[in-house]
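Shared chain: chain A. Partners: chain B in the first complex, chain C in the second.
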Partner chain A sequence: MTRYLADTAALARKDLLLELRGRETLPAMVLFVVSMLVAFRFALTDDGSDAARGLLWVAIVFTALLGLGRAFVAEREQGLLDGLVLAPCDRSAIWLAKLLATLAFLVLVELIALPAFALFFSGGVDVGTVLAVGLADVGICAVGTLLAAMAVAGRARELLLPLLFLPLALPIVVGGVGATVAEDAGRYLGFLGLYDLIFAILAWATFEYVVTE
Partner chain B sequence: MIRARDLSKRFGGKRVLERVELDVARGDFVLVTGPNGSGKTTLLRLCAGLAAPTRGTLEVEVGRARVGFLGHEPLVYRELTALENLELYGRLYRIEERRERIGMLLERFGLWEARRERAGSFSRGMLQRLALCRTLLHEPELLLLDEPFNALDAEGAALLDRELHELRGGATLLVATHDPERLVPLASGRLAFA
Partner chain C sequence: MSTSSPNSRGLTLSLAAVCLLGGGVALALLWAPEDLDQGISQRIFYIHVPIALTAYACFGWGAWKALRLLWTRQERYDLESYTAVHQGTIFGLLTLVTGSIWARASWGVWWSWGERQLVLFLILFLFYSAYFMLRFSVDEGPARANLSAVYALFGVVLIPVSFLAIRLAENFIHPVVFTRDGPQMSGEMFAAFLVCLAGTLALAAALYTNELTGKRLDGRLRELRELLQ
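This part shows the complex of A and B:
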């Protein structure tokens, strides 16, 4: 277990270092989400409506998709997945490390996006919304990282990832919007937690088959 | 060390390897030769476990922790320095006394001075040297080298020659090349034609 965590930490550190050096993913995600929120602000006449909260989730999911699309870029462009697959670490550690790195980027983006949303829309951001976003992030990254690894092997990878990811992200959007607009957010938070658990286990268990022929 | 029986590999409808029979004993130095597109790379990738055979069986005695693979790509991150790349692999391969081993390889392959430079700034030849450091880092028992002399200058080629001479008899080597002349004297009396 210690070795597994050490491998995951080494791989996640590498991904964070790559982003720190390249600065390709994070700025694009921030710019994208802020642009979306600005556009929504001007498109909606009632700035405290449920629609605004719903659109927050659209912004989060598409911003995450942007980050996921770049998750395996270094590995794809330089054939580096072979190097990681050859290493004697558990292959699921590659998935977990990518998940953690993508999650870190997404959380950083949301540290800007949620205050921006509260600034633009009068409804603000309550604790239920923050909890829902946190739970949704885990689900998005768990499923998205697996699908990004699958897409990387395909030819139409830019098209394949959204095609695979968006249908699977629908329950997250439903749970997230529910937790944000409903009186009782607990039910929806439970749903998001269950989604995270099921899909994290599935992604963890199947990743090895995705990265090996 | 390696035992292939009726080994075949197809990519879609394209037949790349057909009914290959291969026995490689521990300590052998086997040269795999043939023209471009003859399946040398595929054979090595199958042996490394990076691809699965379409038909037949392939048994490799050692696990992936003891396999060193040098392919067409150097398998190093361009945004990381030479040292960071080897540190990463050193951690994943759980090498004890990692720093010493990395330092020794960087010295041996003439990259010590450039150790803190990003791999992306390296020439093709330097990348190949770094790739060789990565491949040899964990002292593999089975070495699979695909066109290892590619991009190496005379000095780099001489370093690799010396390394292969030292490894001969210890590690098992499978070297794929379309230009076997340099390596024929090293092969243990056997050439494999893919």
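This part shows the complex of A and C:
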């Protein structure tokens, strides 16, 4: 168990270090989400807060897609994935480490995106929204990391990931928008938690088959 | 395994499908009492709902074969899983079409977000369309078999989760205007429905068997051709 955690930590640290030195993904994600929020402000004719809060979720899902699309690029381009698969560690540790790294990126981006949203739109951000974003991030990264590993195996990888991901992310959008606009956010948060649990277990159990033959 | 057995099984299933579907449609149109509320348009129910249930059965069957593939590593399950998902997608598309016709006949609109089953099938159709994109973008081999199997497994898990999501979304998308649980089905209606369900299931099984036979023949032909070259 400690071995598993140590492997995961080492792999996650590698991804974070790579980003810290290269600074490729994170600035792009921040710019993208802020540009998208600005575009949404002009797409809405009034400051209608319900519609704006719905669009916040579109922004989050698309920004996550941007990050997930980059998640396995280094591994693929440098043939690192084969080495990782051959390494004497549990394959699901690769998934868990990548999940943690993408989750860290996404949370950092949202630390900028949510205040920007509150600044641009009059509706503001309440506690329910913040909790929902946190829960949704876990689900997005759990499913998205597995799908990103799938997509890099194909020929049309940038094209493939959104197609694979969006139908699976629809329940997250429903839960997130619900928690943001409804009076009682509890049931939607519960749903998001349930989604995280189910799909995290499924992704954890099946990741090995995605990277091996 | 002899080559004649799947062929004859396909033939038997096809005959069963023709008889059951013909009988079921006849029962649904002539024997089952007309719905007092919706009139003739309600009779599409006898086709729409069995097709939807058959699509679920196909997706479930495809996922079961996918699980078998990951479990036993036997190559043949890949083709079986793919064929089942393929049939499921066809029946899913038919569900969307018949549901849309029914919505038009009953409520005057081609699409209603209040109809849970239809919305669910739209999500599933998008999901399984991506399944084909995934399959066609990866080269044939064990890697493709694994990826397809994992994605097919995600599909059956997505069905209940999406259903729950659609029920939750109704609270804020728009209120449910139409409910279909008014009058209960009478005995005759239920009997006609069951015959139709058996018919569509037999049809799916026949299509599945025939497609599988064809695909296997195709694969063997390709192997033979490669041997000759």
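Definition applied: the second predicted complex is superposed on the first by the 212 of 213 C-alpha atoms of A that agree within 3 Å, B and C clash if a C-alpha of one lies under 4 Å from a C-alpha of the other, contacts with A are read in each partner's own complex, and residues count from 1 in each chain.
The rule is short, and it goes like this: a contact is a pair of C-beta atoms (placed from the backbone, for glycine too) under 8 Å apart; a residue touches a chain by one contact, two chains touch by 3 or more.
Values in this document were obtained by computation on a predicted structure and should not be read as measured data.
Asker: Counting only touches as set out at the top, which of chain B and chain C does A:L44 meet: first, second, both, neither?
Answerer: After superposition on chain A, A:L44 lies in contact with neither partner.
Asker: Could you say whether A:L164 touches chain B, chain C, both of them, or neither, answering first, second, both or neither?
Answerer: After superposing on A, A:L164 lies in contact with chain C but is clear of chain B.
Asker: Scan A:A118 for contacts with chain B and chain C and give back first, second, both or neither.
Answerer: Once the two structures are laid over each other on A, A:A118 reaches no partner at all.
Asker: Which of the two partners, first being chain B and second being chain C, lies in contact with A:A182: first, second, both, or neither?
Answerer: In the superposed model, A:A182 contacts chain C only, not chain B.
Asker: If we overlay the two complexes on their shared chain A, which of chain B and chain C does A:L131 touch? Say first, second, both or neither.
Answerer: A:L131: touches no partner chain.
Asker: One more residue to check, A:A28. First (chain B), second (chain C), both or neither?
Answerer: Touch status of A:A28: no partner.
Asker: Thinking of the overlay built on chain A, is A:L108 touched by chain B (first), by chain C (second), by both, or by neither?
Answerer: The answer is neither, since A:L108 touches no partner chain.
Asker: For the three-chain arrangement built by superposition, which of chain B and chain C touches the greater number of chain A residues?
Answerer: Here the partner covering more residues of chain A is C.
Asker: After overlaying the two complexes on chain A, where does the chain B footprint on chain A coincide with the chain C footprint?
Answerer: 212-213
Asker: What does chain C use to touch chain A in their complex?
Answerer: Against chain A, chain C makes touches at 70, 123-124, 126-127, 129-130, 133-134, 137-138, 141-143, 146-147, 149-151, 153-154, 157-158, 161-162, 164-166, 168-169, 171-172.
Asker: Okay, in this complex, where on chain A does chain C touch?
Answerer: Going by the criterion above, the answer is residues 143, 146, 150, 153-156, 159-160, 163-164, 166-168, 170-171, 174-175, 177-178, 181-182, 187-188, 191, 194-195, 198-199, 202, 206, 209-210, 212-213.
Asker: Applying the document's contact rule, which stretches of chain A touch chain B when the two form their complex?
Answerer: 3, 6-7, 10-11, 14, 17-18, 21-22, 74, 78-80, 82-89, 212-213
Asker: Please name which positions on chain B make contact with chain A in the complex.
Answerer: The contact residues of chain B facing chain A are 48-52, 63-65, 67, 69, 71-80, 84, 88-89, 91-94, 118, 134.
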